[in-house]
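The following pair of complexes shares a single chain, chain A, combined with chain B in the former and chain C in the latter.
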Partner chain A sequence: MNMHTQPQRTSAETALIDAFGDRLSLLPGDGAVMLKRDDAIEAIKHGLPTRRIESWHYTDLRRLLNAVPDFDPAAMTKAVAPIVEGSAVLAVLNGKSDAKTPAVEGVTVQRLSEKLTDGSAAPGLDPYGSDDAIGALNTAFVADGYFVDIADGAELEKPIELQNLQAGGQTHVRLMVRVGAGAKAVIVERQAGEGAALVSSVSQLVLGEGAEVTWLIVQEQPETATHLAQFKAHIGKNAKLTLFVMNAGGRLVRQEVMVRTTGEGADFKLRGINLLAGDTHTDVTMVLDHAVPHTASTEVIRNVVTGKARGVFQGRINVHQYAQKTNAKMACNTLLLSDDGEFSTKPELEIFADDVVCGHGATVTEIDHDHLFYLMARGVDEKTARGLLVKAFVAEVIEELDDETIVDALEAKLDDWFVTHG
Partner chain B sequence: MPAVQDTIDRVRKIDVDQYKYGFQTEIAMDKAPKGLSEDIIRFISAKKDEPSWMLEWRLEAYRRWLTLDEPTWARVHYPKIDFQDIYFYAAPKSTPGPTSLSDVDPELLKVYEKLGIPLREQEILAGVQKTDASELEEVSDNVYKSGRVAVDAVFDSVSVVTTFKKELAQAGVIFCSISEAIREHPELVKKYLGSVVPTSDNYYATLNSAVFTDGSFVFVPKGVRCPMELSTYFRMNEKNTGQFERTLIIAEEGAYVSYLEGCTAPQRDENQLHAAVVELVALDDAEIKYSTVQNWYPGDAEGKGGIYNFVTKRGDCRGDRSKISWTQVETGSAITWKYPSCILRGDDSSGEFYSIAVSNGYQQVDSGTKMIHLGKNTSSRIISKGIAAGFSQNTYRGQVSAHRKATNARNFTNCDSLLIGDQCGAHTVPYMEAKNSTAQFEHEATTSKISEDQKFYVMQRGIPEEEAIALIVNGFVKDVIQQLPMEFAVEAQKLIGISLEGSVG
Partner chain C sequence: MLEIRNLHARIVDDGTEIIRGLNLTVKAGEVAAIMGPNGSGKSTLSYILAGREDYEVTEGDILYNGQSILEMDPAERATSGIFLAFQYPMEIPGVATMEFLKVAMNEQRKARGEEPLKIPEFLKRVKEAAASLSMDMAMLKRPLNVGFSGGEKKRAEILQMKLLEPKLCVLDETDSGLDIDALKIVSDGVNALRAPDRAFLVITHYQRLLEHIVPDSVHVLYRGQVIKSGDKSLALDLEANGYAGVIGEAA
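Our next item is the complex of A and B:
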């Protein structure tokens, strides 16, 4: 994953390589899957990415990943209540999927361990390129997860909630979802747990023609966990994907979003809020490929940085040569509330087609003094006024989701965070 | 607006294929052997009659350079450069150190006339030949009124002549070639050379430190407002040579200077390397304005030949309330790779960067700026306009960062790209790093083609398509053109017209 020969392996690199040797006999997979695992661990043997690798410029994984816990197969954890009541819950507990899954009309669920064993999951296991450390890590170690198939035309009334709950140690999970033509669904991806775990989680979504999906990622790892996640999606003809990402926890977090429009009329929306506190590092990196003509995308990311937190947003929009009439807009706004915090952003446009409208904007600032004055002049004390303004700043993004139950559920999560970190 | 035919003619004249400065001149040259080694560096240093500390400085840079790898992160592609196949020193054979224009080879002066830089006429008109001091004063009064420009002409590896020296000296301004400065003002050179771009800075800056042959030196003492625009005109002529110039500009407390730089080269099939280093130092309340119109040979329509322009330019706002402003119009070079930067060290200092980068044919541009906010209440402004046509790749890459102690840092960045044709690419890669909560950074970027609405609006008023596009493009770059000194603004506008030839439609 790195052209430079590393002088010496870090303890984390050694621990990962050793763990692979120990785990190998326990990992499910046919020949094809095992070959991919071997390739993936080879990539890790070349060294974890450093800041010299452009896509990891602000998250030097080699330096930041300083401890890799052992696997803890005996640890127990329980599924949690879904954020939207009545959702069908599919939980992966300490890296293992549940054999019993709720029955939902139009939805077929299979445990990923079965698909690894019979080799049918193999084609999706390739990392995204030589810099894809998360993909490689996950491919090497993934043991379980779910494969969810939503039939053509199925319109789900209630969300499906995929829970990845760690119990310390290492957890490597993959969630694969295929949404058939014309189907409609809301899918919630919960990432949480209790221990100082190392989590790698890869979600893969394929949207058929005219499908409409809202996917919510709610990440609330404890401040001791390392969370390395990836979301990959292909959006078919006239299909619509709204992805909402909320990061509100974790010690070292990297959430990658890799989306490709594969059919004309595809529409992608990304809305994200990063609530950063403590001595943590959170990185959201998006690579969006407009690969066909007549597709649109908008991305809005809002960040709140407190304490000694460090935040990163990298967003790259690639417009391929034949992707004429692309319309892409990206915005990243940050409220930097502490002098010890920092935020780095790199919004990139790579454009090879001429008949496009693309733009991006980025701001970093503190709370507007005029706004603060406005509230305080009306008798609101400074602390409350600041709280109101910060909350309004992020809630604006949540409110764009047009489903009321989801908006309420996410705003409740937001309130929780402000209670503990306000 | 000129008539259509006029536009077409004008545009044709300045086509990529008909690069107007592509002529070459037969001038007897004095060259060092090809290749790079410690001996060559000793040769250059000896040729320049340099003191031993300078030679040591060069050798140290060379030894460091040997340990470095060529950087590959920029979005430019080119075959590996063979540094042993380049002449690192080429100078017109001439009487050693011409002191006045009359000593200069007339062939050389003709070159500059052809380039539209009539060195002789300018001096004669200004009456510099008169040596009487009282008359000189009279002359300098005229100079203030007519806004003349003092020129340092650099031909391949050496500075051939510097005009208006005496008058500038009267104001206390030192304007000469850097070789001369090393000999005449070693204390200043020692103090400032390498203090902004250290010898260890990057691959090409280190190479430059080892082999630089000439360039300009400007020193504006405390409280002096430089009485005229200063300018350096770079010309690469010899085959297989690299040009490594070094420019050092120092503005002491309260001083002001405006400096222009222009560059051209003959049309050749092989690529030539130009690796310059420019260092600016602004002390308390000083202001430096640095403008570049870069029109190196861009290669032919098939992408053959052209200049590799790998330049390190950096300004240090060392003093409080100092200001450095970069303005660049980039139309030439096969590959441009440069990031004129400002280090905002002093409190209340400010940096500006205005850029127009036009690429056509197979040109590759990776350019932008860095604004490093270190002092309190510092501000910076970046306006970048990229226009890509043909098969070219045009990248804006910029960094804005506020360090922990940089309270109230303020930045505004705007970079727009215009695409003409579907075979070219426009890319924007801004880096924003805020480590202070009082920092206020704004960045906006857009990419689009000329909208049909805009074109329709202009055309329905009876303006033909070609002119309509020229009008819209000029409007697009207006923010930057306005920052250029008058003489350059006109030239720049023409250049933009030329560079876009063939892309209309």
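Our next item is the complex of A and C:
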């Protein structure tokens, strides 16, 4: 007889399993969706991932997720002003989408609660590999969100801003976007709130042939919230995706990025800024699959670490056997401003093709004393000069986005953070 | 305005003494040229005046308007009116030049108890100063000194000097890396700032710059000391005969 010892469940695991039993009758979904939910909660019953699971080595979720709040259906919150004026705002408030959505030419919006019952959503709920704790948590509990379809050839003049705003308790949201062939769009994903919530949010993006999308994730949860997020994208032939991730809040944050190039000529850029303060833990984990020949990617991550904050960047690039002529470059630079802070970087290249250009680099630095001297020699006091240099370190990544309104909007967010934490 | 008394200073990292008993007095309105061979301590002197932490003063004093500046940090020295035009201005990616100019001008105004400049007034001043140095405003939209040629960096230094209106201007080899046209523009920029209440310390290797910025006094620095002082004819003498004669005399 096989003896299999199951470690004792943590209070968080128990709370999640109990909550699933309580919520089940309220969760929308057709038969196929409900089967996926069952599979997902089974995965959670096997235990949350620990540091012994390679992809969770630096973020021991089982240990770090030490409390799970109850759902709070009565909690209220309001949509906020978009970061770019004139954006079409689609808000999910305390886990619920809005029946009224703004009309934008070439864009069709459906509430995810409806999409989950129309027989089309189940395939998107499949887990990503065997250690997909965020996918499982979200699939088990997701009740709402939006499905946005951008028609072939549509060129949106203003961004669409998807807001996921929590008011405490638990929210599990999914944001699905399909961008048609040749379409162009800027999509802002705002993640924020007011409470000590547990948030899971999964974004799924499919880019048709020749589509061009800039997707900005702006995460500003309070330092009491747990934010577990996933961004999954498929980039089609000659399509271009620029993903910008800004983490500027949260107590325990993991932002996963899973991207696959599915057509030749696909191009992916990841630009990330992690502004870390207080006693917090923030993890950005990327898995990028170059699955076809002639695709390119660059990833640049900049981190500012203050206080007792801990940060993680894992960047894994898989170049598949037939993906010849892949060009991939990854860099992760950290400005460590405190003796008690830490940042761990794990770049991984797994290359099965033989005709590729791939590279990665990581640095950890302090403020450059020559630069500081130069600014001070012009009469800028030390505190202001340090602030300018820290901001410059991350602003460089923002300024690469060559859309002035977006650059201004993100720099304003940066200023907000420095006002609070500088 | 500036009085350096028996100054001794060394590099903090390895203790090497660079300045060894330097004496120098510069009066308001005076343009003093500091000349000397490589390694004589010219650039070190400029950094010590600006307050760079890599150097430590072990003896002597620097008096500026009668007050010792040794305990002041670089920002305090700058707001009190000391300006160093760097030999090698730092490239600072991510800091927009215009933003930097605005912060620097307003920080100095704040330290003097003045209101910050309104944006239109700030832009007007920058445009005028840039035009007088034949600088393209597009350049100022770039990050500070990033991608500037050697000549552009030197002009940007003089631009800052014009905008900040310091009282003691230290120019560290401002002529290096300049072609003859740029040298003329930069020198005209400096000459336009000459005033009875402003002094200049012009550090240079060559007499060439001093044809354009004519000094009131010339001082030869060697092994961390001023070994000879004179008027502008001393510069011509050095150009003709080299440093060997002066060094020989002093030895």
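Going forward, the second predicted complex is superposed on the first by the 416 of 422 C-alpha atoms of A that agree within 3 Å, B and C clash if a C-alpha of one lies under 4 Å from a C-alpha of the other, contacts with A are read in each partner's own complex, and residues count from 1 in each chain.
The rule we apply is simple: a contact is a pair of C-beta atoms (placed from the backbone, for glycine too) under 8 Å apart; a residue touches a chain by one contact, two chains touch by 3 or more.
This structure is a prediction, so every number in the text was calculated from the model and none was measured.
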item	value
Partner chain(s) touched by A:356 [first = chain B, second = chain C, both, neither]	first
Which superposed partner A:389 touches (first chain B, second chain C, both, neither)	second
Partner chain(s) touched by A:381 [first = chain B, second = chain C, both, neither]	second
Which superposed partner A:327 touches (first chain B, second chain C, both, neither)	neither
Which superposed partner A:370 touches (first chain B, second chain C, both, neither)	second
Which superposed partner A:348 touches (first chain B, second chain C, both, neither)	first
Greater chain A contact set [chain C / chain B]	B
Common ground on chain A, meaning residues reached by chain C in one complex and by chain B in the other	none
Residue ranges of chain A touching chain B (in the complex, touch as defined)	54, 57, 321, 324, 334, 336-339, 341-366
Chain B - residues contacting chain A, complex	73, 404, 417, 419-449
Complex interface listing, chain A residues touching chain C	369-371, 373-382, 384-385, 388-389, 391-396, 399
Interface residues, chain C side, partner chain A - complex	50-53, 73-75, 77-79, 83-84, 86, 89-90, 92-95, 100, 103-104, 107-108, 111, 143, 160, 164
